[in-house]
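Handing you a structure now.
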Amino acid sequence: MDILYIVVNILVFLALAPFFEGVVRRVTARVVQSRQGPPLAQPYWDILKLLGKQNLSPGNLAFKIAPVVALASILSVIMFLPLGYRENALSQYADVITLIYLLTLGGVACLLGAISSKNAYALVGSSREMITMIMVEPVLAMTLILGAVKVKSLAIPASVLSVTGAGYGASVIIMLVVYLMALQAFVGRQPFDIAEAEVEILEGPFIEYSGPNLALFKYYMLLKQMFYAALFVIVFIPAIKTGFYGLDVLIQLGFVLLVYVLIAVLGSTHPRLRIDQAQKIYAVLIVASLVAVGLSVYGI
Amino acid sequence: MWLTSKIKQVLMVLKPGVVTLKYPFEPHPVAKDFRGQPSWDHHKCVGCGGCAAHCPARTIMIRDVCQDLRIMLYDGSRCTYCGRCADVCPENAITMTEQYELATNDKNDITVNMELFMLTCQRCGRCYNMETTNMIDKMGLKGYRYDSLEARAVIPRATEHLDIKMLEETEHYKRPQK
Amino acid sequence: MLTIEEIKKQLKDKYQNSIKNFDSPYSTRLFVDIDKSKVRDISNEIIRMGGRYLVSVGYDNIARDKTLGLIHNFSMDRDDIFVSVRTAAPVDNPEFDSITPDIPNAGWSEREYIDLLGMKFKGHPKPKKLILADDWPAGVYPLRKDVPWNLMPPAAEDVAYELDEAPEGCTTIPVGPFHPTLHEPAHFAVFVDGETIKGCDYRGFMVHRGIEKLCQTQLTYNEIPFVAERICGICGSVHAATYAQCVEFAAGLKISRRAEYIRTIMLEIERIHSHLLWLGIAGHLIGFDTVFMQSWRVREAIMWYSEKLTGNRKTYGMIVAGGVRRDITPELADELRSVINTIDKELMVIYKAVAGDTSIHRRTKGVGCITTEEAKLWSLVGPTARARNVDIDSRRDHPYAAYDEMQFDVPVVDSCDVWGTVVVRILETFEAIKIIRQALDKMPAGPIMTEFDENVTPMRHAISAVEAPRGEAVHYLISGEENRPERWRVRAPTYPNLQGVPAMLLNDQFADLPIIIGSIDPCFSCTDRVVKVDVRSGAMSHLSSGDLEKISRAKKTAGR
Amino acid sequence: MNIDLYGSLLTAMAILLGAAVIVPILSSKRKLAGWVNFILVAVAGVMLLNISYITIFQGGGAETQKIMGIYFLIDGFSAFFIAIISFLAIMSAFYSIQYMEHYPDYKLWSYYLTFPLFIIGMIGIVTVDDLSTGFTIAWQLMTIASYFLIRFEYRTEGNVRNANKYLILMELAWVFIIVATFLINGSAVGDSLHQLIEKMGATSGMTLYIVYGLLLVGFGFKAGMFPFGQLWLPDAHSIAPSPISALLSGVMIKTGVYGIIRTFFWMVPAEGYDGQLWGIVIASFGVVTLFIGTNQALKQVDAKRLHAYHSIGQMGYIILGIGSALVMLNSASVTVKLLSVIAIVGALYHTLNHTVFKGLLFLSTGSVLYATGTKDLNKLGGLMKLMPVTAVVAGIASLSIAGMPAFSGFASKWTIISSNILAGSRIMFLVIFGIIALFISAVTLASYVKFFGMTFASSGVEWTVAKKIKEVPATMLIPKLILAILCLVQGLFPFIYFGLFISIFKNSAGSILQPIFSEIMFDGMVVNNAMGVAVTVPGMQGMVSSVAVPLVVLAVLAAAYVFAWLLRKSGGAEEKEAPTWLCGYQDLNNKNRYVAHNMYSAFKKALRWTGGNIKK
Amino acid sequence: MLAKLCKKAFPRSLWVYHCNSGACNGCDIEILNVLTPYYDIERFGMKLVASPRHADVMLISGAVTRPTLPLVKKAYAAMPEPKLVFGIGSCASGGGSWFDSYHVTGGADKAVPVNYIIPGCPPRPEAIIYGVALALGLVDKKASPIELKQVEFPIDAYMKNKAWEERNVIYQVLNN
């Protein structure tokens, strides 16, 4: 049964991540930009098309491995996620710190790939991406640690599910707000899509990637985005447990959809910030989440 | 400040709703006097070549095959649809149609090829120099015009007689490759 | 206030010996023929009198007196006077004193003639290649009349433009020619330290299409407006109108009042569409696509209206020498009123939503700062200058078309940054709407075309300026024989503004590069045009292919 | 048996001393000298490793022995340090054989004279059981020998000055420690630690604070603790020949850690020792050290300076581990007390890991320096194709130091951070420390992405280093490969090492930690098997933390990797090489390379106040 | 199987790389215009990308000038197969007014193989959408070459000329 949960995790994420991206694009187009927008299935076609294209590379090993590692790392992170409030067979083999480091591994793969492409734009992009990573990973970490402190355990299901365990205290509310603000940075959307800024550095780290490699990266980005959205739902939406696994998952996915709509609306009503400006905002977020963790130690 | 302007922005975008046109599944008509692809009425055309002489893009080329036969080729691929040809045409043989859906995979699809009978002086072989007050007529037609229709290139010289050398020059006319 | 007489007097007092002749065909134009040795002094003197440098014009006068002519043009903004300083040098030693050390904005004009006419400028700080392709052979000057318009020197493989050296410790980031910020091919070598811009070098003029020799086959006075419109796809009418005014000046033609009103309306329609376009692009450049989508949605109405009025969405083909091609019927006038009313309303909504948005302020305020003095030094024009508290607007300073009868404000702000240009442009759009309303109300009846007999006396000089959405477009025309101009020089507004960009970029973040370059609303195709239209006079001599090879070889070895 | 241990210790030292005599004589034959040096060091090293092995796994040592008027002590704890010192010494000596060819215009006798002496000094520090006579001899031997090693490249401008600075500061540290010893009431020259502890009981409280303060500062100097480390460490480590840098960073600064643990966990009187306070002080120093050190490292563009600053940062982790262990140990809660075990194990584990990966990093950079002649990251780049083996091992080391899962740094950082966070539920500042440590590990990552990317992945050597670049010879590769394998083993099988450290502390009598370590319930608490390490603490529900990652996570990763790989292949796309696209006009060249010093500029600017900025 | 699906996906997701090889801005603006609400080319799954590596379609606008000729070729080479090239506007399809100028090489076809041309100066956004739809096979091609032949002398003109001849002074003089 436990294995089943893992399979469900992977399948749900692999199958739905592009769909949710389609939702974002649709919402951005229809609600905010007064236009019809692409079909919901568009991201699937995009990925499929990229898989069939020629693979151009500057002939560097790291460049070729990077997308595969990135996708692999995000997939393994997803396997540990307690979707539908169920521990799965893997939960006991990792704790939240592992989760955080694994997430970073994906980012690192991305960066090394970018640096291997030898492109000045990719390097500018990876420099920014790294700053973003340094500054927002702690927010994610502290969200998880907030639960860990509350439940006095670093185990994934325990700490992930226990943030709202004792209701919404001040610390949880602060953390929720901080997470929501950082969400745009996690998923690389405006105002924090600084690393991939299309008009100035031409999608930054991915500039040299084409075809299947780019498809893997796109998929990685989609999965990452869905992971953060799902994590928000799992962590901050109080559990509505129906007792049926399938139903639980469906309810959670419903909430994920809402988070995506929020991402889309926020993303399309903000200009991109500069990295030095974003950095200041991140710093505020870090301090705020430190406060939240500090409060949670005292049980507030 | 931030919040109010965000609310304003949301209000701004809500009002118009989705405005996307259904084109190409439904036609989107053009304005009445739209300057689309020019069309020639070969029944009216007298072959004066005024359009060719006045086209800023020199997209109308003329080859006088013989004394009586003039071929005019309109190469739509570089036409700027300015309507100058329709303006100057003394016979109003050119109209700007509403046709703008000209995309094609073959340049030849947007050409107009006209074969015209010319009235020429039987004695000297030149076209009649008609109304001398007309600027168009002043422009040329003092002899044969030989544009390279195959290379779609204009040879900006009207010659008294056909020069084979000129033809060779045209065919070797090439742009630099780097 | 200075009058032409006073200017003459002041110049005469100081440079009695160097001044050969004064010519003032209109009360607002002054042409001064001087000796070339005093070019620099007299230019400085005019600047001191309150002149603003516009552009230099070089022309080939070899056939007549074996000289290359050079004309520096200045504008007295307060006095509505254009002063043109004309000089010449013999073709075998075409050396002039460079005015660039005093007037940095003249740098490009002078470099242009180094390329195109083979002039030499003593004391030019950076006499590098500007216009022609990297592999263009030295010694072939396409603006000279003995070079045919379709000359194609063979391509050379290993000739590269030497970009400036980056400052110590800086990395070059190549921006362009195919970069989403630019939309047009131009190359900026941006020197960054980290993400801070420490300087940049520009290698543009890739859109230089060298239209000049076209006329040697076909173009005449009345075809040129159509080519002029295609100098730039956005502000086409401006170039057509400026050109037409030049021709009319040269021919001494007075066109009907109704045509002038229609021209005014066309220019303002263009301003509305261009400013809305710019607002959208600016939104896009700071990553705010919603602004882009919404302002272009609003703009679409005016595009559709233009199509109805002129037969095309852009490159209207409305303005020709002697008048305009199509009339504004009462129905069209009513429709225009309703269109601008909608735009007025919707733009106000956008303006309110954007003006207070702190997230937009973050990206635009304090970005691309240069002081008013610097802006004047670089002779910036248009909204770029007006955002830096430089109060110039040729619609008001040198009234043309029907602007003398219009009531409008010239918005000027002193924030000296990109935000200022946003504000100025939005306010100007409202002013444009105001002007269109007035023009529609006041428009007199009458013919729209005045017969233009196309027999302009050769060698008449004319200069005309029109306020384009981006700034002031200046055309200089020398009339010629055979129904064609002898020389036609276009200075687009981007030409001076772009030269000021390095100053704006300095010490800003690389992330601000798009919006700073975007803030001048650059139009490289305008800038790169060099549409000189002149007549083939005398025999056309072909360079033999052997000669060309020799020339390009010489260049190659020199390049090494 | 004990006699045997000490006997072989002395023998090993004698062999090393012999090496110091013989090898300089041979030094005109460079290769031969290198080999002889290596063989002698290896023999001594193996003997020393044998001592460690016996002490740790067979429960030897633990008795103080007075030899030649100096107290020696080999217990599990010092044996661990003996092991890492001798191991890295062997590697370094092996590496030196070929590496020293790189200095054709320097005479090698001084190098081969001081190299064994330096090792003797370090071994001495971790084996002598006093803080006066024996300590002084060992310290001076170590300091002076290393001084000459550091100033080896004396012809390069500034090197001698930096070496002098090192010497002066180390002597200052020595003064601090000696003064601290003599402040203890009635202490005499040559007193063993046990004697000192007894005498400490009689020392007044205030003096005791000063004593501990001075000891912390003294050993802190050596350990590169903020702000003392910044004064000498980057300068000294970056100018020494690479194998010596590896030794300095890999083990010499660890003697400071040894000193701190020895004094704060062993030299503890029954009364008058405020463990909680000193814990807080040490942990705070640790956090500040790791924060400042790593942020300074981020700014570096000289590869060796970058490593050196990171040594400070990583020492911060170790010091944080020590400090927080001390805090937890003195906490009232039983649960938190138990967590101190995890923390101190983490500190020691990180000591080991740091030895291995930092040694490896310095040796890799040495190889790069050997092959290209530069260690400036602004000039390097694109070595991956030219030096594949070095690239791979440097990649392993970089990922290890950055703490990527399945690499060695992860297990130890995880241990330190998780113990801090868990204890944080009772003691608030510890959780903050834990989060800062986590944050800094991301900065470390950034820094090593830069190091690896700019040395191996990106472009550069094509234009800046004209020499023909080849992979370094095998004698330089073998030590690196051994270290790399060790790096992987340490990352993949943390349970082995957890067992190891637990037995080390069990076998080290006299520390205040020993009681907890020897409690029986301990075995039920830590699940320590091939599936990884999981911790359950009584009083906390369920399994609280696990570092099982290595194998399971690796399996998961591998499965995902295969999936991703198949996905990429599925479209049937073909591969093609293409030149870098730079918007068309320019091709990739030396001027438009985005060099190392540009990276993270906004972040560096925001952190200018942390110092360590490089001037332009 | 997936490979087949990938081929099928290609026309449904065309990513567009905009390469201005020397245009006047008109076409570039119209290209941007098709992204805007009224035309919204994203309906067809198209979007503008910044790097040629991501592109499936290269939109060339403008005559290929002498300096951009090698650059356009380079950009084309930087795109992964399969790829399409659209020439947008009169300049890209045939060189425009300046097709034979000294600094212009000609239309886009002089630099790279062009699959579709969309003439117009500038083409209306609808025309661009039509071109795209044509490439996607959604609409039929409407343009076809026109051959016009005068089978007889144009009577009107002939008559007119005759009339003119009759009142021509020279003829009158000759007649007299």
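Which chain is which? They are A, B, C, D and E, in the order written, and residues in each are numbered from 1.
Note that contacts are C-beta pairs under 8 Å (C-beta built on N, C-alpha and C of every residue); 3 or more make two chains touch, one makes a residue touch a chain.
For clarity, every value in this text was computed on a predicted model and none was experimentally measured.
The chains in contact with subunit A as well as with subunit E are B, C, D. Under the contact definition stated at the top, the chains bordering both subunit B and subunit D are A, C, E. Counting contacting C-beta pairs between every two chains, the top pair is A-D. Chain closest to the overall centre, judged by the mean of its C-alpha atoms against the mean of all protein C-alpha atoms: A.
Centroid distances from subunit B, each centroid being the mean of CA atoms, peak for D. Chain centre most remote from that of subunit C: D (centre = mean of CA atoms).
Computed centre separation for the pair subunit A/subunit B is 56 angstrom, with centres defined by C-alpha atoms. Note on chain placement: the centre of subunit A and the centre of subunit C lie 48 Å apart, centres being C-alpha means. With each centre defined as the average position of its C-alpha atoms, the distance from subunit A to subunit D rounds to 34 Å. Subunit D and subunit E have centres, each the mean of its CA atoms, that are 66 Å apart. Shared interface positions of subunit B, defined as residues touching 2 or more other chains, are 6, 9, 13, 16, 18-20, 30, 56, 58, 80-82, 154, 175-178. Counting partners per residue, subunit A has 32-36, 48, 51-56, 120-121, 124, 127, 198-199, 202, 207-208, 211, 269, 275-276 as the residues that reach two or more other chains. Residues of subunit C in contact with two or more other chains: 135, 152, 155, 171-174, 177-180, 195, 214, 226-227, 230, 290, 293-294, 297, 307, 312, 315, 359.
Taken pair by pair, the chains that touch are A-B, A-C, A-D, A-E, B-C, B-E, C-D, C-E, D-E. Contact residues on subunit A toward subunit D in their complex (touch as defined above): 48, 50-63, 67-69, 71-73, 75-76, 79, 90, 92-95, 97-98, 100-102, 104-105, 108, 111-112, 115-121, 123-124, 126-128, 130-131, 133-135, 137-138, 141-142, 145, 148-155, 158, 202, 207-208, 211-213, 215-216, 219, 275-276, 279-280, 283, 286, 290, 293-294, 297-298. Those residues of subunit B that touch subunit C in the complex are listed here as 1-2, 4-6, 8-9, 11-13, 15-16, 19, 30-35, 53-56, 58, 80-84, 87, 96, 135, 154, 156, 174-178.
Listed in rising order, the residues of subunit D touching subunit E in the complex are 570-572, 574, 576, 578-579, 581, 584-585. Taken in their complex, subunit E has these residues touching subunit D: 2-3, 6, 51-53, 71, 74-75, 77-78, 80-81. Partner subunit C is touched in their complex by these residues of subunit E: 17-30, 32-33, 35-38, 48, 50, 52, 62-63, 65-69, 71, 75, 96-98, 100-104, 121-122, 124.
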